[in-house]
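I have a structure I would like to understand better, so I am pasting it below and will then ask my questions one at a time.
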Amino acid sequence: MDHGREINLTTHIGGGLILRNPVMTASGTFGYGREFSDFVNLHHLGAVVVKGISLLPRSGNPPPRIVETTGGMLNAIGLENVGVEAFLRDKLPYLREIGTPVVVNILGDSLDDYAELAEILNDIDGISAIEVNISCPNVKQGGVAFGTDPGMVRAVTRAVKAKTSRPVIIKLSPNVTDITVTARAAEEGGADAVSLINTLIGMAIDHRTRTPRLANVIGGLSGPAIKPVALRMVWQTARAVKIPVIGIGGIMNAEDALEFLVAGAAAVQIGTANFVNPDTTERVVDGITRYLQESGCQALQEIIGTLRLC
Amino acid sequence: MTAHQLKSEIVRKEQLAKDIIRLTLAAPEIAVRAIPGQFMMLKATDKMEPLLRRPFSIHQATSNGLVQILFKVVGAGSKFLADREQGDILDIVGPLGHGFDLPDDPSANLCLVGGGMGCAPLYFLTKRLLTNRLEGSLQLYLGATTAKELAVVKEDFENLGVKVFAATDDGSLGYHGFVTDLVAESLDKELRWQFYSCGPHPMMNKVARFCAAEKWPCQVSLETMMACGISACLGCTVRSSPAKLISSNKQFLHVCKDGPVFDSGDVAWTTAER
Amino acid sequence: MDHGREINLTTHIGGGLILRNPVMTASGTFGYGREFSDFVNLHHLGAVVVKGISLLPRSGNPPPRIVETTGGMLNAIGLENVGVEAFLRDKLPYLREIGTPVVVNILGDSLDDYAELAEILNDIDGISAIEVNISCPNVKQGGVAFGTDPGMVRAVTRAVKAKTSRPVIIKLSPNVTDITVTARAAEEGGADAVSLINTLIGMAIDHRTRTPRLANVIGGLSGPAIKPVALRMVWQTARAVKIPVIGIGGIMNAEDALEFLVAGAAAVQIGTANFVNPDTTERVVDGITRYLQESGCQALQEIIGTLRLC
Amino acid sequence: MTAHQLKSEIVRKEQLAKDIIRLTLAAPEIAVRAIPGQFMMLKATDKMEPLLRRPFSIHQATSNGLVQILFKVVGAGSKFLADREQGDILDIVGPLGHGFDLPDDPSANLCLVGGGMGCAPLYFLTKRLLTNRLEGSLQLYLGATTAKELAVVKEDFENLGVKVFAATDDGSLGYHGFVTDLVAESLDKELRWQFYSCGPHPMMNKVARFCAAEKWPCQVSLETMMACGISACLGCTVRSSPAKLISSNKQFLHVCKDGPVFDSGDVAWTTAER
């Protein structure tokens, strides 16, 4: 075994975007990148996905916003963010300097919001792709999440694609009966890739006070508890669509990441693990590299989607 | 601000009371930078449960590269830490957050009020205040449920040459009642005081109201649930006070970044959300 | 506090069925009751729900059938069971003797299977209710699970109700976009109660061998990892239907059970916890009793559905 | 069959090799009923991870109410158990499963073949076989990767007055090679043998094939993933052999109930599913 051997870790995540390695950060768990500069060499990451951005700043939900559960956590941050203007002014320049591909995660209340955000971001230098968070309520249509209706998924995807020349990644909600249906809807709408999963909707109660543990009552479940569900959905989706699939959900280490890659993910995103160990992303890059060296692979592509069913 | 993630050796473990532990950790990078009121996030398991790190105030940071935490066992995370022994390695991240602002004026009269484990950061603060050659008076109040919880730390403060006004809920040491009542009864109201407080939320709420009434500045160290401690998760919010909302246009503040130490006038003292 | 005080733990779970306490066993995790007689006084349970029964015996999936995950486990037992005939002959007599209400969980490949099972069981003494597992593929309709389509849920419920005078509990699948839709479909079909959740579909991969850890590739996720999702669905469902809701999912102790009761469950079922501690069910009964005593309640009903939203 | 769930004290802990531990547990209810080849399910955490109990063979059960397990640290569960100390309490369930069938004929020639931790139940079996005043010959083969893993248990068997034929993968003790090859080379094939075997699947597979060829009866102790150990989850299946399928009409057998000890002819020796 030649441990010094160079491994080709590059991976295509759609729309012509090639990452130097498959390890991305998950939106909302890595701030705007800078927050992790003490712990991670940001140059070593495949891409940084920033906290979800809306047209206007949002202050989010009242506290308590987070609660720990067995093997996971619930969050009801409420999509707090600085808004696109402040993001471009205060946050993007730092990331642009780093040079690692920046993926901007966007969210909105209506098709128009998404379209407008896509248009604004299209003119900006230093943005490699747009990731569309469709797990938000469509305020104009009764508050049902965009991501649970294939028609709306198609429409959001089209609306964003129409306004941008950047690769568009549609981030799918796992709170659906059949994720391959929404994945295909995104593909039909012109998505360059899909990423999944966003959080599962969950809840926790303090039985003594008989109150919800989150002010928002319900929140999003993330962390290792959801990994089996995420992996299953990634595997199903990778078989159902032709565009690249980015795997997310409960990835804590390189072994977990490899499971997603073997299941068919072209890249992975790391979320909750950043809170547990702020250096997780870099460690996962190292761990994948080591595994490939040890298994005699030359390139990451040799393992993607190689799950053997007997 | 630079923070560090370190594998830190426990160089000393002290069992101060039944459920109260003090750990001394070798963490030069943190010790050299730490400011009183700042905290660290400690990994409180070698498995996935509890999943998240746990925040603990820096109880002391010494020039020879050591930091201390003083904590009470309240659940799985603190239990794990309490079960570690000298020589064990802990994974720690720090120093984090915005600490106490030290007085510019060396003649300021300072009043420190700690309740329960709130005494932890106040010890570091007291030491730092004393090194800044103080002319004004420094008054220290510590409250606890019972003598056993207070005795050891009281002595530590006294060894710094500071008189401790003690209050216990059961009267087993010092004043019988709330430390805040002791403050109200015994503090010289003719002077102008700068308050520093850390302890249970209702206690700090009382301190804050008291100071607001007297128009004294007051800094409080708040606690919330934290997932990251490094301003990435946005989970550690407290509501801004109406005044702060107007001045900053921010509805919420983040304890791990804007705090844990705040001007008491900046935060909304609603208890409903806690 | 008078710890000796008698608490009224009875609860209605629909169709006139009253349980002495709200603690039931979850199907497939408690065998046919007898397996736990060394560990639990079966008289102390609210009801025993037996392993899912089909018309004919089934041998189930090839091994490996189970794998542990963070805070949970995946199973792909494949509905192995002795079949209704052997159940009635070899298993039911023991339970009948015990006297604790017996709920028979049934499964099938088609509407006719369910109807036939309901008819067979209707004539049998010592069966208190029928629980219908609708997380099974409808073989006649392309293999989509009955439980994911509201139309099929309504149809199955009607088919079973038409053939039995016993209370019918429809056991809902969590692998749906909106559980209140399938819950209402069951209610419309005439269900006396709904129980939820069945397992979430998940997957695990051995990244070294690049093979699935379950021979069946996908399996059902259960245990504390899924509790937040289960609790959220129970809460939503309790607000959406008028029939009793039975809460299931990751209940390990009395505190967990109380969370479900506060969320609106009339009773709870305990599954995976039986494997971890075979005496869990009895301990949960004791723990609920103690909690009610300590909070000065006279009856279980004082806490059901008492979640306060601020 | 009656099983018990007990809080059982560790009365002795022995570190037999780097990763090999023997625990002696006070469990009178289990000790009095245990049959060689049966196992216990041990709770291997005080938290939720690992969630499920772990199965371990009964290595010895004594008339004074003690049981032993002998195990290797391979993951989180066994690590937890290895970290327990004398005086700690473990939550155990047992005795479980169908053990070895002892020979009816006191003049039967018995051949025991253990590999790795497979020696654990064979010790209990050997003791029980010896108490049944044996006329026939008893031949014992033990295999391990290296001397360190074998040395201690070998001595224990020898203290029973049994000669141990040892084989190690690295040749550091006894025969250099697989224990199955040693059996094939050294066993007197003129006699009729009853085999008892426990160890890695491929090893038992070889033993089973060897016995099938010679038409000798052979009992093997199998391992699978187990969630409950008490025949409730139906997770612990192995495939029936074609013969067994025809005779019993059962496609699968359950290791925790029908086994862990099976007639080697009853199970399908496919390795693909493991």
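All chains are identified by letter, namely A, B, C and D, in their written order; residue positions are counted from 1 within each chain.
Methods note: a residue touches a chain if its C-beta (ideal position, glycine included) is under 8 Å from a C-beta of that chain, and two chains touch if they have at least 3 such contacts.
Treat the numbers as computed from the prediction; the structure is a model and nothing was measured.
> Report which of B-C and A-B is connected by more C-beta pairs in contact.
Pair with more contacting C-beta pairs, B-C versus A-B: A-B.
> Where the CA atoms of chain A average out and where those of chain D average out, how many Å apart are those spots?
One centre to the other, that is 47 Å.
> Need the CA-centroid distance for the pair chain A / chain B, whole Å please.
36
> Where in chain C do residues touch at least two different other chains?
Within chain C, the residues that touch at least two other chains are 70-72, 215, 223-224, 310.
> Which positions in chain B touch two or more other chains at once?
Those would be 48-49.
> Which word fits the touch map of the chains here: line, ring, star, complete or other?
If you draw each chain as a dot and join those that touch, every dot ends up joined to every other.
> Under the definition above, what is the set of chain A residues touching chain B in their complex?
Going by the criterion above, the answer is residues 28-31, 35-36, 38-39, 51, 59-60, 62-68, 70-73, 75, 77, 80, 215, 223-224, 252, 272, 274-279.
> Spell out the residues on chain C that touch chain B in their complex, using ranges where they run on.
Within the complex, chain C touches chain B at residues 70-71, 310.
> Residues of chain C touching chain A in their complex?
For chain C paired with chain A, touching residues are 69-72, 74, 148, 175-178, 200-205, 207, 209-212, 215, 217-218, 221, 223-229, 231-232, 235, 250, 255, 258-259, 262-263, 291, 303, 306-310.
> Going by the contact rule at the top, pick out the chain D residues touching chain B in the complex.
47-49, 76
> Of all residues in chain D, which touch chain A in the complex?
48-49, 272
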